[in-house]
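Here come two complexes built around chain A, the first alongside chain B, the second alongside chain C.
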Partner chain A sequence: MNDDSPRATTESQPRWRRTLSRLVDASAKERMVISVAALVLAVAVGFVIVVLAGLAATCATKATVLGVPTPLCYDPVAVYHELFLGAIGHPLSGNWTPLHFRMAVTLQNATLLVFTGLAVAVSFRAGMFNIGVQGQMVLGALAAALATIHLGGVAPSGVLGTLVLVPVGVLAGAVAGGLWGALPGALKAYADANEVITTIMLNFVAANFAYVVVSSWFTPPDSSLVQTANIPTAAYIPTVPFAFQPRDSFSLLGLLFAVALVVGVAYLLARTVFGYDLRASGEQPEAAAYGGVSEKQTMVASMTLSGALGGVGGAVLVMMVQGRWLANLPQLGFDGITVSILAGNNPLGVGFAALLFGVLKSGSAAIGFGTDVPPSLVDVLRGLVILFVAMPEFFRMIGASLGVGGDVDA
Partner chain B sequence: MVDFDRRDFLKATGGTVGASLLAGCTGNSSGSDGTKVGMVYATGGLGDGSFNDQAQQGLIKAKEELGIAYEESQPENNSEFASMQQQYAQNGSFDLVNCIGFAQKEALQANAKEFPEQKWTIIDESVDQDNVASYRFREETGSYLVGKMAGMLTQRDFSAGAGATTQGTNTVGFVGGIESPLIKKFEAGFQAGVKSVDDSIEMLSSYVGSFNDPAAGQSQARSMYNSGADIIYHASGATGVGVFRAAQDLGKFAIGVDRAQSVTQPDFADVILASMVKRVDTAIFNSIKAVVDDNFKGGTTTRLGLNDNGVEVAYGDQLGSEIPQDVKDALSQARESIIAGDISVPTQPQ
Partner chain C sequence: MRKPERSTIASALVAFAVAVVVLGVLFPRSAAGELVDIASRPIMAEIALRLAVPITLAALGGIFAEKSGVINIGLEGLLIISAFTAVLAAWALGGDTSVDLWVGFLVGVLASVLLAGLFAVVCIEYEADQIIAGLAVWLVALGLAPFASTVVFGSKNTASISRFSEWTVPVLHDLFVNSGVAPLEYVGQVLLRANPIVYLMFAAVAASWYVLEYTAFGRWIEAAGENPKALDTAGVSVHHVRYAGVLISGVLAGIGGASLSVGHVGSFVGNGTTMIDGKGFIAIATYLFGNYNPLGTFAAAMLFSGLDSLQIGIQQFTPYDIPSQLIQSIPYVTVVLVLVLVGRTRTPDSAGEHYDTGEDS
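Then we have the complex of A and B:
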């Protein structure tokens, strides 16, 4: 009779299955402890790597770690000090204000990653693997730049112009990204094309298409780079007085917009009919179809929404950071995949994962600035943190999709 | 609560670390004169064996001879320039910030205005601000000389090291990084040099679209060599390694750029005939020395050409001795003529 109890079932499972189900069933509190432990472990492993690399490297002056002379070239304590505290401007060093330049860099990265992270999360929740957020972002950025530049000629300047141009830019980005995302969605729904392959390929198409279009028609004649003209001043997402300066390329309003989207997407997924259809198709496609959800429409709709979010990310990149479309945009779309996995595809989690990413990105730049550690080694350390923190979530996702564990909805 | 411990630990150690960092900032290394220089490299980064490494040479020389201290930053893509320049200007303790490469122009135009007290240098572009010293090179003149060499060698049967040319092919190639007015100057000079030998020599030309894509460089060079090119000149930073690899694979020649690449890329010394050296190191050293000597040339553009050894031809370490003397003589003659103004080299491809 004991055979029916969940405990006994667990005991009879193979070891990997038990481990997975332990992860899948972990409570929110346990998952946070796991994340913190993973972070500490990543730091420990990275510490050893920095020490070993510091032994192998040659340098004129050896590092002094905590006042003790060592045979090392790189000071691992200084490296991690910069990686985590450099990103927020060394709050322990005195004269610290939260409105520091480094903080602006950190929050700027976090803001942009919220959009691409949300884009990936929405598609994952619908059971679609949208690897093409980068391409959707590139085209969204291009659409936002071109729309604001061309409308800038007729729009009023000043606050009124901003009220017109910023929404137009965001909308243009959303439409361009959404259409580009709808394409692989439709290909999957109506031609059974694997969306992983099509979205990866469409990244290249988008990047090269945008490059050719801009270099052929929109690059100013005196420019030595492939880029569009600058967007009108009124099209920049305005900065709040007394907060960050315009030159910091970060606006609190941009961050607020990102937070609003996080809440909006979370609400959409949890509380609306569309969100229910979307999640149902992702978790139990057959049951969803049986329950009256149109499989094909949901595929296209979820990919359109995902692409639109990526496109908005591109628009914000142009209107908050770059001021123009520039060839070789940063790889925010690919980082968004990691952000989403780190967040367990939960929209609210995306906010925190994006913040961690922002800290790591800005901290990496601070390491390059404050220490002699080569950038490739910094990338290794950053990769370690992401890998260690994301892996439990990643296995949780695999476990959940294999149907391991007692409570699939957790 | 391991996390709490770690923070506690950092709090306790933060002071020491901060103090040691601060000590680094004020430059307490022996012989330092207290001048501190920042450097923002071009994308492609250090280790390209070309443009960025050459720039770093000037920095190292300044450290050794002038006793300055420096910090370096390596952006991964064009959108990072602005914030990397700012991190130096924000810091406020840097006497000079060097911006390497034309792609930094727009970012610097904005930052030079935002930070009027900060002195800046830009290489390969001009920024018209009182606090920016601009350094540019006459790349077309040096490229003309290597073009002349390529043109003369493709017309004969010549073999050395792992490469060879065949008399009948009459074709040379040019591989550029990103298509831009600057790289067009390399192409234009090379083309003019080739055509000065014989107008019927065919010149193939292509742009990879990146300074950091050796695989694409290799595939484009391969197709050029397969179409008959004996010698390919590249102006493509780290992409050029692919050109050298293709030359080695197919038994042809290549010409390096920015540094003496037969020395910096010794694996390919058996196919590198020569390199068009661009003395970015001289420009960087001069700009730092000007600041140390309180003689900063803000608001001006300095142009370095053949006469002040701003550009020069460095024959291959391994193959240089095998290049026929009449070719070398023709090159030194052309060099004199360019300096004298008897030959004017175009800056745009025909």
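Then we have the complex of A and C:
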């Protein structure tokens, strides 16, 4: 029963050949089809959940769906209208510009999700399940906040200060996240500790650790929340004068940086020796080891890179959005898992998936304003998307029964 | 690097504990003395047993699933969904009589079984990657329970309902507690009057151990994970056995989750990582440490919950001003240390792999 696993090396069996050629010929197209289908299906199931929730909830006035009175408390059509069009500021309602503040929220979420999505993707490509991006992000954010706050006193102000502080913050985030990511990598490489469990446990440890550090030493005396002081103004990722306002907490330069990282990681994976080793370790560990790739070093290196990307995400969160480290950072690390899996762990795909999830995250806020439905609906969709992406066979069977996708299952 | 054996680690831990106890008894004014004073209170053992319930039950479930060849990393999700559904159902019935609570309990278990069934179909029928599908189960529950709670209760945390009242072993309890002999009094207080979920846990540990060790079904489970082909040849459906393994994990984790909410706390907390707070993942670490043996797994779960109960005790009874978040990290750090010390456990040979019956290979 080993003959259809990617680790099998015997090429003589026709079934294995078939699987291989199927993966090579159809993988990109098929992945995209599966991702879109998974998303559509998740949205459909989400629709049913909203209807059921609308039956279960109690309310004074029942919803009218498309002009028809219903026994529901929530209007599922309105929910999805808000989720997708509200997320970008209702472009069809007139008076809309691409610089609408909802667009800023969408792009802000997308930017942040690129970092955590890339972080997850790099580890998955290397055959490591890094579920710890959340913790790596939390520590990256903390390092960036502390570094820029402490350097702010001596750094020059204005543009010159920004030129110093922003790279320092990003670097601090990368180092902190990278070290925290290297830890489970090393534990896996040298002590065989299952990285799925250790990374999840280290999420809890990172959150608790950062909380204690900040509450013990870095919370301003007049603050009732556990948070650091504000970072210096010069440490904010600068906004471009002609696009969006500073109050929108979004910078096109931040987005450009994210896009540059997407291209950089794609290049790294596709064209460099390190990228080849990393992919080889993920796809064919035995062959990679035989070919002289050090399995242990690759494990540690890929987890370090993954953690560093997560840490950079935390740094950008601090320097573009929050302006300080706050307890209970948003769960971007877990969303990064969805983004990466939806993208088939492909860096370029991560860009698109992050944009899509940016819309969903922004739309969840729009749902909160525009409807009575709990915004955590988007968290349900996140889980459903992964569930459906996990079952490609399901879509193949549906495709086969509909008589489409014959080339896929040939 | 050569790995120390589990038994070596366990002995070292016991030796360390004994050393602390001896130190504590000899020097009652020292930190060790205070620790021993706290740890020896019956309330500490009671708390440890209650905290062990969800971890132990989820871990027992994980053993059945993984031994049959399906790695169920979604135990956390099963705990979350049953904990919430149990409160929801009990609350809908009124939430104050023990009948409401037990019916809610059963509904919670049912919800967990349904989610486990979905996971089983996805993994066995549609050949999904088990790790990814398990993550999906976790994330679905992590989204769904707080969502549903907000729909019904207007907040991610549910309303408070009643919770199980303690059971007393008739006659024996009074006999032990009034015996005047300290160890018997201790046993009477800790074991002869306890939350029913504690007795449920003991029953589940014993039953799982018996089933896996001494029944034909236990051998099928073993074979489905180790050598499915042989099982197939013997005429037993590998798929059916794996379905059974995953569904049993749903039942056991469901009992664990419902035990925590309606059994122990009396509400569901859906903020952040929810009230389950990683217990499903700790459960995975405990059965790895317990080497897939229900008795060893129970011992490992008691180790974690004992530490957890001790950290609660330290916060309540000592003047030390240690930040609680730091002490709360102890169980998570322990899991990492245990995984480092135990290293790769010998997972069943075919765990994580799909099995196709002969005709197409």
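Definition applied: the second predicted complex is superposed on the first by the 310 of 410 C-alpha atoms of A that agree within 3 Å, B and C clash if a C-alpha of one lies under 4 Å from a C-alpha of the other, contacts with A are read in each partner's own complex, and residues count from 1 in each chain.
The rule is short, and it goes like this: a residue touches a chain if its C-beta (ideal position, glycine included) is under 8 Å from a C-beta of that chain, and two chains touch if they have at least 3 such contacts.
No experiment lies behind these values; they were computed from the predicted model shown.
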Residue contacts with chain A in the superposition, chain B compared against chain C
C
After the superposition on A, what does A:N328 contact: first (chain B), second (chain C), both or neither?
both
Contacts for A:Y276 in the overlay, against chain B (first) and chain C (second): which applies, first, second, both or neither?
neither
Touching A:M391, do we find chain B (first), chain C (second), both, or neither?
second
Just chain B (first), just chain C (second), both, or neither: which does A:F47 touch?
neither
Please indicate which partner A:F352 is in contact with in the superposed arrangement: first for chain B, second for chain C, both, or neither.
neither
Which superposed partner A:F101 touches (first chain B, second chain C, both, neither):
first
Overlap of the chain B and chain C footprints on chain A, listed as residue numbers:
211, 215, 328, 374
Contact residues on chain C for chain A in the complex?
1, 3, 73, 118, 122, 125-129, 131-133, 135-144, 146-148, 150-152, 156, 228-229, 272-273, 277-278, 281-282, 284-285, 288, 323, 325-326, 328-329, 332-333, 335-336, 339-341, 343-344, 350, 353-356, 360-361
Residues of chain A touching chain C in the complex
1-5, 15, 49, 53, 56-57, 129, 131, 187, 190-194, 196-198, 200-202, 204-205, 208-209, 211-212, 215-216, 328, 334, 337-338, 341, 373-374, 376-384, 386-387, 389-394, 397
Residues of chain B that touch chain A when the two form their complex:
2-3, 6, 10-11, 13-18, 20-21, 29, 43, 45-46, 71-74, 76-80, 82-84, 86-87, 90, 102-103, 105-106, 110-111, 114, 125, 178-182, 209-210
Going by the contact rule set out above, which residues of chain A touch chain B in the complex?
36-37, 39-40, 43, 61, 64, 66-67, 75, 77-78, 80-81, 84-85, 90, 92-93, 101-102, 105, 211, 215, 224-227, 247-249, 317, 321-322, 326-330, 365, 368-370, 374-375
